[in-house]
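So, here come the structures, one by one.
The following pair of complexes shares a single chain, subunit A, combined with subunit B in the former and subunit C in the latter.
So, the complex of A and B:
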């Protein structure tokens, strides 16, 4: 079996190499049949990668411990779903998943565009193939998932913290996001290579970018939820390098999604967009590099990991390639319009872009600071939470406010008077909510208060936009409100889907502000019958139980929860001891109040022999809005992604127009 | 272009804040002797930890990851202990060296288990 897997990966490497070389040659010389053959090779590479993945999955399902990777990441007792997810439980398998998704996306992209984008795809194929070659080489030559060993009786098992549904979905979603950013990058580079720079690559990859961006966003929220429920230290985001690794490309992609609109509508920011899409892709490579190389935890481990140097090489190649292409084609990327006023839609989008990129670079700077400072000063210096929190406030709060302003400012030029009319209601709502919040005692945290008032501003704007649009449509068509509303959204999916995503970000901001600026904590060692009080809750420790689960011994302390004298039932917290993996994991107890979005979060830090338990209890207001934001975010993305016949027609016209202007440009010397 | 120039200004700003704004030096047990003030100490747990992290404090020894003469230092720690803490694991604690014992800031321990970056994304 291992031979089949190895052979399949070698075939993938060969096919992608062929697609790169033949495709590049065909594109440069205009050989149409050869280009077609390169394209087919790229599609076939997906098939061979699928075979390799199937072999490895089969190895897991059949407990084939002669495969070193299976022996290292699975055991006989592991439940079947986790045997499948163990595929991405380690480095080699994760890389294989990367390659599978990459070849899958590539095949789909070149197949979907085969008719309308043929001349562009000729150049996109070798770029995608080049990325495939890199990853296929890692799997064939450097870090093979098909190493064979003398089979042990049982595997070493899967890291217990990976044994839960989140860790089945979270890595896959992140990879769908990371790898998805390769597609717009390849189209941008293909467009630059072809020398015919029109807006087609932008329009063609809009959906790809949104899919990748949505997957990355949801993947991160799942990761945060996992950290919150499973890791059990009482938070959901710790500015860990591995977490930042996913946040950075998401921020760059968010900036890109916005600036693309400026190029589509006004022909501006062409260079900027190519830079952003390259940045997003390079950051996704960097993210994979961070998670795989371990460089950030210690620069020393970098030299031990064979894969790190290769990744660094890939990133350098990608950066050099993108920079060279942008510089070479700079004359063709001139803007067709100028910024007319600093108060206009274009300008607010530009501010949004600057803030997003600034936040992204800040995080990049902080994440790579230990490496840089060790290289420069010989001493690794780590920046902590205060650094990130500071910049999140400095850049994040204005971004939140802009989200309410940007979509309503007129294109080209807006008057201040017009603006004050547009935003009178929202500003009123923001001030009113600020006053009410101060009265309620929210003034204890200034950033939290600002976040809340800005959130009130933005949400009023969004609601007003929906209301205005619906009533305008009613006036036009005479439809009833629900029909007018759905018609409105259906006819302007991008716009109203975007508003829904904005609403999700507002929820996220409220959730983060509530749970981080207004949380309470208490801890103490309790004997049975003793009580701990925090933020209006009284927790009384009742019993301690121990039972054998599927692959772990589960110890649970049960507490009675009362608030203001009313009994709210019980909550239990404890620890699981995993026998095969020889590890203990915290199992926190969470009681969510669905009405207020508040969580009571109980950690059993330590269980003593005398039956007493050290507890740590958090009360986190509004934290559930963060998870709700994920659902709303998904809904908004789906609205914008939903196929739209009218948009398709406009797209066809656009392509035709672009092709005509290309021909004109080609015929004039 | 406006965008690029403003981005450049921001980059300088970042450089400035990072250089001036401090951050904590990250050292190994062997390098600890040369430091003063608060540092972040990364090393491997050796021997058997003793004591109660929620009482008088947990005592354990951290050793250099590598080198011909691996040096080690005694650590006193209070506060939450991550699940992954155990002998043989790599941890990072923040604190100061006092009379030969590294006294940590409460709850500052982060585990960096070697399999962490090898495994799938397992933040924090």
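So, the complex of A and C:
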């Protein structure tokens, strides 16, 4: 069936090319039927890409090793879920997944906007098609997943690190995020191309951006959890280039989600918003480039390839195109209002934006430096953890504080007297927390102490916000507290969903500060019966076992865990030896205390012939708050995304004229 | 091989039909122009956006004041301007887009 896969991808390329050229011509000349035809081509491109993907997945499920990609990333013994996830275990399959999501998003975007945004979509279609052309060309002309070889008896298997449940979901979510940022970019560029710089592109892309941003955020957390469990070095984020590649567009999109509110509420920052949308998309391309080109050394990069130059070309084209369009349309992007005071909601959002973009660009510089230094001096100079940690504190801590300040400052201008009253409780809680933490000995880490103090400030602000809002609604409607609370959230989903997301960031900050600033570590070579002590825990090495798993030999050392004399059960750590892949992986032992959020983290670094084992043991306070933050983040995003019937009615009324003018065309398929 | 060719051919034909559908449905339309907003509709849309912005700001200020986020002093300093903006936006929309929006009116 390789021919069908190749043919389907060739059809996708043809359709995308047609949508780009015919769509561009139709938009420039105002040809309605040709524009609809281009739109249909984009929708059909999703269908043909789906066929190509189905062919490759079938190849994996049927162990069709005549496909070089299947032979290179699967084996007969590989469990079925990993045979499916092996689709994105290598370069060609990942590109196919990119294209599938891109064409899927594109088809959905042009279909959902077919009535209200028809005149804007005429310009959006060729932009989306242009991106599809790039990826379809890579799969057809440069790196095909349907190369055929003489079928070996068995495949080479999947990289053991990827044989993890988190790796089934993590790449898909990251790609949903990366690719999702193409939609707001296309709408922004479509709006600039059309010369209609009203707010429709903002309204149309708000949910797309939040979906992409949420997927990227959750994808990163799942990736962090995978690194924590699978890579086995005792951490969850190492400022690895590929990790940074996902963080940068997320930071740019976060800045955009805040600054877009200023444009909606005050008609300001129009240029800045288009710049942020373009930056987020270009960074998502850069992220894929880093992951897929093999240009940097990373534990997350599973390939070395020659597509780097193509990706670099795409990034350059995207940057030049976006910059040109913004420059050409500058006169249309004038703000309709000015910043009235440095103490106002829009000013705090602006500070937030500057910090987010500064952090993003700092990470970009650190990530790019090895590439640049290698290109210039012939030697890759890697930027280390201290660089990133320094800038995370410099920019991240003020950001944390602003999260508590911004939502409570009035639009336009606020008085210092008013602010001092509004923030009295929050400031009091922050100071009290700081004093208590110093008394408890948390002063050993100044950044950790500051993070906790700011977290207390923001938490109090969020709780006070919900309490004030519920109380005001009760006073207005006479409803009981639960009903007033749910009514408050339901009528202000963006605002209160945003507060829930802020609560998630607070949890994340507490978890990161706790697990990195106040962690403990011990290591030692233990024979059976010997004990290692760390942070109040006593671990006694008992047995070493070996058994054959589904596709690996599993060696496990079992340790008894005691704390303050009480037995807490056992924890196992060891290694898996994968016969087909000829690789060994670390399998760490983790004992989580869900009440305190603390983890006991055990690595069996070396198993010796005499049965003794070299252990490294970490105690990580509050680390589980990081994973809890993921759930809260998802909840907040869902609240924000949930359709708001009142807002929909308002928008329908606002766009009635545009809809009326397009009604005649709406009946045409 | 033959099955793949047949399926590939069927896929290509289906795609071509879908792409050609607008022309097959309307071989000779009375107008083939893209339905874009004219200048008057665009002005009305901008005024509606300005109106929504002004009314939204006023509503948010009222809610923030009621819940205690905004002090009486700050509320009094802001509410007058916002009411004037909202009233001007509504008047401009009633005039059918003939007049300036609040921001323009203020700056002129």
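Odds and ends about this structure:
The rule is short, and it goes like this: the second predicted complex is superposed on the first by the 642 of 669 C-alpha atoms of A that agree within 3 Å, B and C clash if a C-alpha of one lies under 4 Å from a C-alpha of the other, contacts with A are read in each partner's own complex, and residues count from 1 in each chain.
Keep this in mind: a contact is a pair of C-beta atoms (placed from the backbone, for glycine too) under 8 Å apart; a residue touches a chain by one contact, two chains touch by 3 or more.
Computed from a predicted structure; not experimentally measured.
Superposition of the two structures on subunit A shows subunit C fitting alongside subunit B with no clash.
When both complexes are overlaid on chain A, the residue A:36 reaches subunit C alone and has no touch with subunit B. After overlaying the two complexes on the shared chain, residue contacts for A:170 are found with subunit B alone; subunit C is out of touch.
By the document's definition of touching, neither partner reaches A:556: not subunit B, not subunit C. Judged by the touch definition given at the top, the superposed model places A:383 against subunit B, while subunit C stays out of reach.
In the superposition on chain A, A:48 makes contact with subunit C only, while subunit B stays out of contact range. In the overlay built on the shared chain, the residue A:258 is in contact with neither subunit B nor subunit C.
Once the two complexes are overlaid on the shared chain, A:476 sits against subunit C while remaining clear of subunit B. When the two complexes are overlaid on their common chain A, residue A:206 makes contact with neither subunit B nor subunit C. In the superposition on chain A, contact is made by A:4 with subunit C only, not with subunit B. Across the superposed structures, the minimum distance from subunit B to subunit C, using CA atoms, reads 19 Å. Those residues of subunit C that touch subunit A in the shared complex are 1, 3-5, 7-8, 11-12, 14-15, 18-23, 25-26, 29, 31-38, 41-42, 44-46, 48-50, 52-53, 56-57, 60-61, 63-64, 66-71, 73-74, 77-78, 81, 101, 103-104. Interface residues of subunit B, counted against subunit A in their complex, comprise 1-4, 6-7, 10-11, 14-15, 18, 21-27, 40, 42, 52-54, 65-66, 80-84, 86, 90, 92, 112, 114-124.
Against subunit C, the residues of subunit A that register as touching in their complex are 1-4, 7-8, 11, 15, 18, 26-27, 30-37, 40-41, 43-44, 47-48, 51, 118-119, 122, 194, 196, 198-200, 264-267, 336-337, 408, 410-415, 417-418, 421-422, 465, 468-469, 471-472, 475-476, 650, 653-655, 657-658, 661-662, 664-665, 668-669.
Subunit A meets subunit B in the complex at residues 88-91, 94, 159, 161-162, 167, 170-171, 174, 223, 227, 231-233, 235, 237-238, 240, 242-243, 246, 269, 271-272, 291-294, 297-298, 300-301, 339, 350, 353-354, 357-358, 361-362, 365-366, 369-370, 373, 379-384, 387, 523, 525, 583-586, 603, 605-606, 614, 616.
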